[in-house]
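Have a look at this one before I ask anything.
Letters A, B, C and D mark the chains as written, and numbering starts fresh at 1 in each.
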């Protein structure tokens, strides 16, 4: 039984092909301005990778802010439900999941049987985590992927305190002008994002075994800082950015049966 | 008497060299990660252009976001005071100045000598006013210079954006794009939101007398037109609005020198 | 070590005072805002401890308060959650602004290490029925302090405490008056540290130190005092950094109408053979708090400060979401600006974004 | 500022239309009184309406005029005027909207029907300290007298000491004396009659609530938002009582023949915090999931959340004072949290929606207390998210609907298990 899962995010689009319980292939690319076109491109690439055609796929699930604009007939689910299904697929015994995406982040808590007990979305002031990181990478003239490692080689703990990413940007700009070492600024940026995520987790008293997913979860600097600030055991699945899409595929399969 | 002004903003570094109240040479370059480097670079370029060396400059005033980090300046004055003096130099009858830098936007009132009598700056939530145009330019992949013109050519309906928060406006733009709203309509919404934010600021300072817009935003015809319409005043814009701050600094340098020589006599 | 350094030392580590006080089993009662009479706590043999905040970013409190409550109150709650106020035997709040009212709900529910009590005070001054209401509340509060301490509060012990606290207020005011001169004897930041240290210390220790300090600085002149003279007002400032910022930009902080300075010592208790009535009138025959009415009173009081300290400019440091002062600065702005230029600034209690602030303050000082 | 994507709330009750007419009539009377030279009072807080009835004083209430402005999507415009006067975005959007409308040079024709400039201001610090301050600016602007009624906060729970009631009675008497000085004549019998009618009004309101607890719910909170208007402006009047009698009849009918807002009602939701007055359609949005917002706490917050037996017409001022002190909106009383838990149980609510208006100093402070209490005692979740119910400029349709979708789906998912 072949199913596909699409996560049409505001910044990146992810598609996954699921064969019974194994991920056959996945594709991640930038959404750009046209969600429909981006989804189509991503679907074509992933079908090619899996060596199958669209007809072989029996049901399609879609999630993300652009789920209504997906150019295929699909079962639609919210990010909260799909993140949960995706996380439980990898780790059935986990207590919750934190999704750090490009535009905003979510914390979801579930009980022993995997029911969603509570969830919290970041408030408006703390949105734009992904965009904020990209903007800082540009300002510091650093490649986004390297930011994580560099932030771990900081010599001193400095604070980027503001919640609002625009204001955090101006704080960082003034630090650059004051010739604060780059690694320390990166450490400050990662701590600022990590404390926002921890704030979200505290809001729903999320503890225990927590799965970190989403595009930003690959940033080792952020996950390490989160480990320092949160007293719970954090695990990052090996393909964290497609867990949402995987959840959508599982949702489609469930509705099919 | 030769003096110079160095304006190190968060986005651009500017220098103006003034000789007996005439602009001898000026330059603008993007600010790099190290602002004192940028200051040095733009200053040397302008010196070479004017065929002068560092010793020929009798007094240097630094201003802008990185004013304290300019190693070779004799004094640092805020961009608010310098923009007032600079605007007064270009248009002696000016009483109201709007300056939009990368980080803040400022409404300034001044008297006939260019001395600041009152000023107001955006509050935290509407921060990064100039920066928001840069973000919009990235999201809509439209060069900054073209944004103003396109924003006046509305296709069907202006897409309203929040005038209260830049981050929120960013999320809204993504929403509009994904709904297929035409780029010009979103640009119009962005310029309208910025004009709204500016209007609230100018109202707080009091809208009277001749009006000058300085800083990068003066080059965005979309924002300028909308501000003029809301404020009900024609905006005087000099040939290069981005150097008004640096020019003001140079004029202050002249003033300080004149006072010094007068005291010596 | 000069007295100023002693004050700075006490300001930097108040725990020394607490350890010394608790050595022989005496109790400490935390309080926030001016309608909690310290004299009653002191008369029961306990140390009234004004709970100040720390300029750190908020950690846990944002999950309880929504981030749209005043950052100073959230910071206090953060410290309480971290057991940083564990040494308090009781925490007493009063009826001032919405944020403090909610702090009472939150503390009562989520902080079990320190019990919390609220003194209910009227927000309408000069009102006979208000005096009666506040008197009944203070009688209950007095009883509570007696139970907590196990000591009886007599008229005698209360009168002595009132005298002691008035002495501190007189001395602080005398020290503050040394800033009226063209070249003040003490800078704004030094004065704030002294005032806060005196509020933290037991008054028996503070008064002699203040007398010594007044002698030391009587004919001292601070450096670079030629800039414009500034009146600071607005939300509570419990850290000298903002004042130092104004002074670095060339301003002379001549007087500050803050909860941590002038509001604390501007008035003294009028003589009255009934000490409880004296305390009631001390608190209700003046409008100092921006939450209280009539607020014209506060306007006249600010005029008085402007005249006495011949002020050139006023700066309102408003903590974000601090409703009382955000309203007051908007309401007074037009009237104040006719005489003295006024700058209203939004600040974070965690002192982030100082770069922005420096530009605004320097431009204001260049303008004066 | 062109408007954003919004939709008016779908009302299903005949009485809602009648109440709409009563609202227009109420403001028309005030404008008539103004022409005749009767001083118009601007007031807010829970200053008991019965006092104004006893003085025949025409009064405009802050908690209602901004709603009228908001429903016509005009709130952004007037709030911007207040910000130009120097009021920052941190203070309450209701007050900024009210203040902007007061100081605006001219107003839309539609709004002129509701607007009458103030001659006297009677302000209070219940429930929030700050609104007694925003009125100062209006009084200064119009150069009119300003009277402040100090309402003590409830730090005693349910047994209110006598000295507190006495204090508040003095304050209310002070307000009456003040208005008598300014040309009104006080009629104590009218006060008694008004208190009596208020008692009847709240008895009816509790009966109406009884029927609203039926499954399927006969009335959604969109109608409720209109239905609570009489508690605001028509408390202590015969018209208020008649409107509620009609509403009660209509509900009895609906419940009798099992007529619900939805045929197969799967989820019953409650709203805490100010719903988006400019887009009440958002409350109907969840109906596509067969979910109904059966009640919103705003309907209680404006008044009527007290046991009517405490109203004793023989001791009118004491009853009014006592009522304000035990009111659930009195900031430090744990009554609010207990009341929400009781309401959630009685209305058989499946999920609580908490909308945070960032500029509010009062309601966001309750969110966490309510969320924990409701979860521990009733086992249902609360979803808290940003939504400014008054300032349309802050409204983000996509995120608000994403929040509601996620919450309702997670409720349906756990309900299925």
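The rule we apply is simple: a contact is a pair of C-beta atoms (placed from the backbone, for glycine too) under 8 Å apart; a residue touches a chain by one contact, two chains touch by 3 or more.
All values reported here derive from a predicted model rather than from experimental measurement.
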Partner chains that subunit C and subunit D have in common: A, B
Result of counting contacting C-beta pairs for A-B and A-C, higher pair: A-B
Chain separated most widely from subunit A, comparing mean CA positions: C
Rounded Å distance between subunit A and subunit C, as computed from the means of their C-alpha atoms: 46
Separation of mean Cα positions, subunit B and subunit A [Å, integer]: 38
Whole-Å gap between the CA centroids of subunit B and subunit D: 46
CA centroid of subunit B to CA centroid of subunit C, Å: 40
Touching two or more other chains - residue numbers and ranges from subunit D: 86, 88, 356, 368, 384, 396, 398-399
Subunit A residues counted as touching two or more neighbouring chains: 65, 123-125, 167, 170, 174, 203
Touching two or more other chains - residues of subunit C: 63, 66, 320, 346, 353, 355-356
Arrangement of touching chains [line / ring / star / complete / other]: complete
Residue ranges of subunit B in contact with subunit D within the complex: 123, 125, 157-158, 160, 162-165, 168, 171-172, 175, 192, 196, 199-200, 203-204
Complex contacts: residues of subunit B adjacent to subunit C: 65, 77-81, 103-104, 115-119, 121, 123-124, 127
Subunit C residues within the subunit A interface of the complex: 57, 59-60, 62-63, 66-67, 348, 350, 352-353, 355-356
Partner subunit C, residues of subunit A touching it in the complex: 123, 125, 159-163, 167, 170-171, 174, 195, 199, 202-203
Parts of subunit D lying in touch with subunit B, wherever the complex brings them together: 1-4, 80, 83-84, 86, 88-89, 391, 393-394, 396-399
